[in-house]
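In what comes next, chain A is part of two complexes: it sits with chain B in the first one and with chain C in the second one.
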Partner chain A sequence: MKFKINRDHFSNGLAQVLNVVGSKATMPILSNVLIEAEKDCVTFTTTNLDLGIRARIKAEVKEPGSVTLPVKRLASIVRELPNLDVAFDASPNHHVKLSSGGSTFKIMGIGREEFPPLPELGDENSFSLDQATLTTMLQSVAYAQSSDETRYILNGVYFSFRDSKLTLVATDGRRLALISKEMDVAADRAGSIILPAKTVTELLHMLNKGTTLKIAFNERRATFQIATDKDTSGLLDSIYLYSKVVEGNYPNYQQVIPKETQQRIKLERELLLACVHRASLVCSEKANSVRIKLTSNLLEVTAQSPDFGEAHESMAIAYSGPELQVAFNPAYVLDPLRALTKDEVFFEVKDEVSPGVFKTLENFVCVIMPVRLS
Partner chain B sequence: MPNVRILPDRVANQIAAGEVIERPAAVVKELVENALDAGATRIEVEFAHGGRSFIRVEDNGPGMARDDALLALERHATSKIAEADDLNRLATFGFRGEALPSIASVSRFTLQTRAAGAEAGTEILVNGGRFVHVRDCGRPAGTRIEVAQLFNSVPARRKFLKTDATEAAHIVTGVRLYALAFPAVAFTLIEDGRVVLRSPECADLAGRVGEIFGRQLREQLVPIAAEEPGLRLHGLIGLPGAGRATRHEMITFVNARPVDSRTLNYALIESYHEALPKGRYPLAFVFLEIDPAAVDVNVHPAKREVRFRSEASVRSFVICSVLARLREMAAPAPAAMPPATSNIQPSTLNVPPQSRVWPAALLATPKASAAGVPVVIAPPATTSPPVAVGNSSLAIVHTGRGPQATAGWRYLGLAHGEFALFETPAGLVLLDRRAAHERVWFERLQAQFRDHAVPNQRLLFAVPLELDPVAAALLLDRLDFINRHGFEIVEFGRSFFRIEGVPAWMEPGDAGPFLRDLVAAWREGPALGANPDAAREQLARLAAARAVRLPAVAGETVMQALVTELFACRAPLTSPSGRLTHIELGHGELARRFQR
Partner chain C sequence: MTRLPTILHLDADAFFVAVEQARDPSLRGKKVAVGGRERGIIASASYEARACGVYTPMPTAQALRVCPDLILVSHGLGGYGAVSRRMFDLCETLTPVVQRNSVDEGYLDLGPCGFKTAAEVEAAARGLQRRIWDELQIPVSVGLATNRLVAQIASKLRKPRGFVVVPPGTEAEFLAPLGVGKLPGIGGKTEAALAERGLVLIRDLFARSESELAAALGGGWRELLALARGEDDRPVEVEREDAKSYSQQETFAADIADFAEIERVAKGMVDALLPKIRADRKRVRTITVKVRYPDFSQTAHGRSLEAATDLEAPFYPLIAPLLRAAWTQRRPLRLVSVRFSAVEDATGQLEMFAQQDEKRRQLAAVLDRLTGRATVVRRGHQLAKAPPPDK
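== the complex of A and B ==
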């Protein structure tokens, strides 16, 4: 196998697949990248069996073929090569010669025979989405995923294609974020998956290199074809991402979203964010809560910790309901405020034991459960 | 001098009753065993007031003719064996012929029975061991026995009974054991008119376990089957990692008889020594089938204990079979492990609460500080003098140091992810991260409890918790206490609870296992109900072990903050379970070791 490639393109291609490597010592090949050369492109593939990524880069292929190389090392070498032109030459015994300008590397590779192929999915359950939209939607809910491995069902983002809309949900059992968007979903193609947290992170990395993406799934796995038409450093066609999905039943999230609105207030997102963040500076592991108090046209945020001190913030709002107060974990208030981009949010509260709800006009809901001193 | 005389049967029966019938649950056990021995396929048990006022056991077995029924009430009358040698071939539960006369001698006893072919049934009423009447009655084929006013003729025994709830729990537990042993028999259990357990004929043991213990538990079990000449083991065992803090869900049967066998219990625990942390007990519902001649069930009046002729071979057979099955499961992938149990940490349950030196100091100090020193904001320096006075040797040195104790400590690094190494003016200190964190959390939680300021995080999705009747009764009893300490738990049907809120530091997924451990600790330990301080300390100790989540990497600032917090504690030397938090190597020690 022999090809010539632009150093920055090479590096960019490896960067796409770099994060997905196996950690199992039993299968060393999983820490390698599969490099395949044919026609005018080189394909890079990595997988850890749960997650796999494939990206294509344009190159001048002289002799087609394939080999696998340790991806981390390779990426750090390629990044630092002195010259933009890189020649890649693999001998049949999997020794690779990499030369650029005055530097030459010889790297020991492994044959591709042991490299597990990425599963492909048919088109039965596939949908096209706009990349920018999906990015916004994922960012609006991803923070609410649980990291507690004992509740693995919650370690991901729930995608539901149903009732003419796409709904994304994430929850850790104490707060829940949901966002939905109108979309054509034929009744016979309706379905849902739980996409693992790690895949969500990778996906967010990949997005916004093009305009659209295609998602296909069945009950065990999901695949994404992410168009790269906006990329200018060598990526061809689309990036292919394969992932196992979290198997199990997602909790019935609809029942925890309050149906009735009690007290709704309109807030300036950044102002509230700043107030709560400042107040939370006095919080400690012992006392990790901020109290929100509503009185006539005034919202007050207070926090205190017994061994440090206390904070008091106030902001003017339009409010004429009864006086009430409720306490929350500050992170649960800050996360949705940070993730949103709109200037205005609506906040709904009822009393100190009922959940607080953030909403926007774009079908976004974030339910957060209060903290109480018992 | 009193003359030697032979006791009348009625007295002898009452004495035997003292051994065989120690509580209402024993009556139920004997009667259910009789029904099973008779080959019934449907058994209904009803009782009222913990069994003391009324017990009824009805079956659809073959029934008895009148003469047999009368004979059955005689002492040592049985259809199950004929000669002593039969004891070596026992395939039935009963054999002594003592149960019916014993029960009849201490209650108002009604027996109704009709043999399948007979025209009329027989009804026999015995009150306190005296025959009242024998007459014809109509009833379907089978036998029905009612035991009312239990222990009416032995008031002393009556006084020793526990509360109705406890006695009821024993009956329920007992019936469940037999229901497990005979999945093909339909069981109904009615308490005070309410159906507690109704299980139709199940296809297999797994189905029955699901019916009785719930689906959650069933999913943590895998079947096991092994055989060697003369021995057969089958049933269900827990997945690696799925453990409990008590043995209540480690249930063994020998030839279908529920038994409490040391040999089997230890064999099971030993098999799991790699699959479960120390001090946790495996889940098991296992049946051992063995030649009746190789086992003696006539050891214990209630036949709860058995003795094997060859303990060693039974033991090694069980260990080999279970280990082989566990290895088989471990082989494919760790993914086979239930994620719900991966977080189990070595529990501190097996440490007796009264051990070590420090509790005295701990218990003493809250009182000392409550006497006048403001607790919350007071720097440790102000609280340490009373500690130092009342405390024993080791702790004085450290508590006396106060927060300045760690001045001049330089963090060097973390060994094996567990031990932090510090250079100190006096030499070197090795710190056990987990133990240190546990100590810090323990005192933090104690402070929260004392100030009645336990933050409670409400949950979006209530966590369901299903307990066995005894544990449920305990939890129900202390629900207020628990709910005052950061939880929000509501009763949701019999033996079923919903966790609607957890202490703010706890992961929702941890709440179920934590409460199980807590209830188990209550069950094993001394009654602390009357002493809220001790109960709180127990809660804090268990909670501290759970609260600690160690990140894989910890920077210098984190470790410095940890030692500062640790030395602000009242008893920084040990963790709440009594392990050392750190070891100090002084200059002298170092010099001596290096022979300088």
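== the complex of A and C ==
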């Protein structure tokens, strides 16, 4: 196997597949990237069995073939090579010679026989999505995923293709973010999956290199074909991402979204973000809450920690409802405000023990549970 | 600068009895013990009672045999915690560096007081001892030394109302004539084993070769030898650690084999402990049920919830399976206990998918307030089984 490749393209291709490989792989082969050369392209594949990625890079292939190499060290070497032209030469005993300018590396590889193939899914349950739209949707909810391993069902983003829309939901049991977008979903193709947090991170990393993507799934796994037509660093066709899904029933999120609107206020997103962020600077691990007080046309944010001090912020709003106070974990307020891009958000509150709700006009809802005032 | 004996170990003399005697001075000078009823255990005995052979922990029945005129006071009235706090508050008027080890003993570091001479240190320590007696009528023994180890041994040397000062530099000399059992880590069994090898006094340890010591004391002999020389560099630690567990136990009036009755008692413990956990603003995750047989052998079984809670409800269904798992021998039980561990700080953060818990928490808060005054509300399982109807 022999090919010539542009160093930066090589590096870009490895970067796409690099994060899949964990620090403690269960089998040595899983620390490796499978490199396959044929026609005018080189394919890189990595997998940790739960998640796998395949990316294609253009190259001048002189002799087709395949080999696997430790991906982390290979990537750090390729990044540092002195010359843009890189020659890759693998011998039948899986020794690889990498040369670029005046440097030459000899790396010991493993044959491809042991490398587990990435499963493929048929087209029976597949949907085509716009990459920019999915990016926005994922960013609007991903922060609300749980990282508590004992609640593994919540360690991911719920995708629901149903009722002529795609709905994405994430929750950690204390806050919940939901966004939906209309799309054609034939009744017989409706379905849902919980995409693991790690896959969500990787997906966000892959998106926006092209216009569209195709998602296919069944109850155990999901695959993504992510077009790379906007990429200028050597990526060809599409990136293929395979992932197991979180198996189990996602909680009934509908029941925690308040049905009735109580006090609704329109807020300047960045202003509220800045106020809450400043107030939260006095919070501590033990006193991690900000208090929001609404009075006539005034919103006040206060925070205090006994061993440091206190903060008071105020902003003018249009409000004529009853005076009320409610406290929240500041991160729960800040995360949705940071993720959104619109200038204005709606915030709905009822009383000190009822959830607060952020909404936008784009079918976005973020429900946050309060901290008991004491 | 000359070193001063600024580490003070304070040890209340027969603390529980002393609290009762302060409450009822007619008990002074008598053979008094605080302990459970007939099948309970003596928690504290007056020095007069100790002279008759009553010790702690001794089963109450046995204590009444060796000392038939023993006046037994049950811990019913309690209030020990409050007296203890006042005692340590008095200590804190002397120095801010007070380490409360338990309800009745602790360490003080008088270093920050800036005393210039040993006489000043001694006068301050005597003043504290006197003040605790004057204000609380609690007799305490005091040991003064340059470190915790020696101060602690000194305070226990001349109880009650002892006052022992070990001048700096004389630690080894002070310890040498004492029994090896005075050293921490040497319990009754080790002491007996050492005595067989002729190691009775601390000074005996220095007469042996390293290999002999290693054979007699095992791997920790070097550390033990350092202790024997009176060496200890542990500081007096002010930070009081939060409770690591909450537990309650009950010794039955007569051994019982009635599963339902024991389950009822254990659930009653859940009901008694969770209000304390809520009052401390904590949550717990692990519950352990322990059973003890009449011969004092015991077994325990525990289980952890997925997430910590401050509510009774998640623990009720665990009681019967845990009791069954722990109670494996087909014998009646002498005692059952319930222990909660894996303690976490409770936050006021409300949960989304646990609205039921929120309602229970509100109910619990109301019940906690009510039962703070008197037992006005009881759960069904707290009611004892009705006597069987006559046939």
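In the analysis below, the second predicted complex is superposed on the first by the 367 of 374 C-alpha atoms of A that agree within 3 Å, B and C clash if a C-alpha of one lies under 4 Å from a C-alpha of the other, contacts with A are read in each partner's own complex, and residues count from 1 in each chain.
The rule is simple: a contact is a pair of C-beta atoms (placed from the backbone, for glycine too) under 8 Å apart; a residue touches a chain by one contact, two chains touch by 3 or more.
Predicted, not measured: the structure shown is a model, and the values here were computed from it.
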{"item": "Three-chain arrangement built on chain A, chain B and chain C clash or fit", "value": "clash"}
{"item": "Touching partner for A:E149 - first (chain B), second (chain C), both, neither", "value": "first"}
{"item": "Partner chain(s) touched by A:H94 [first = chain B, second = chain C, both, neither]", "value": "neither"}
{"item": "Comparison of chain B and chain C by chain A residues contacted", "value": "B"}
{"item": "Touched partner set for A:H312, first chain B, second chain C, both or neither", "value": "neither"}
{"item": "Which of chain B and chain C A:N329 touches, first, second, both or neither", "value": "both"}
{"item": "Partner chain in contact with A:V353 - chain B first, chain C second, else both or neither", "value": "both"}
{"item": "Partner chain in contact with A:K244 - chain B first, chain C second, else both or neither", "value": "neither"}
{"item": "Chain B versus chain C as contact partner of A:R338, first or second or both or neither", "value": "neither"}
{"item": "Region of chain B that runs into chain C when the structures are aligned on their shared chain, from 386-394, 404-412, 422-430 or 584-592", "value": "386-394"}
{"item": "Where chain A meets both chain C and chain B, residue numbers", "value": "150-151, 171, 173-176, 251, 256, 286, 288-289, 329, 353, 355, 367, 369-374"}
{"item": "Residue numbers on chain A that touch chain C, as the complex places them", "value": "150-151, 171, 173-176, 251, 256, 286, 288-289, 327, 329, 353, 355, 367, 369-374"}
{"item": "Chain A to chain B touching residues, read off their complex", "value": "146, 148-152, 171-176, 251, 256, 285-289, 306-307, 329, 353, 355, 367, 369-374"}
{"item": "For the chain B and chain A complex, residues of the former touching the latter", "value": "339-343, 376-377, 444, 447-448, 452-461, 483-488, 501, 504-505, 507-510"}
{"item": "Chain A-touching residues of chain C, taken from the complex the two chains share", "value": "306-307, 345, 347-354, 358"}
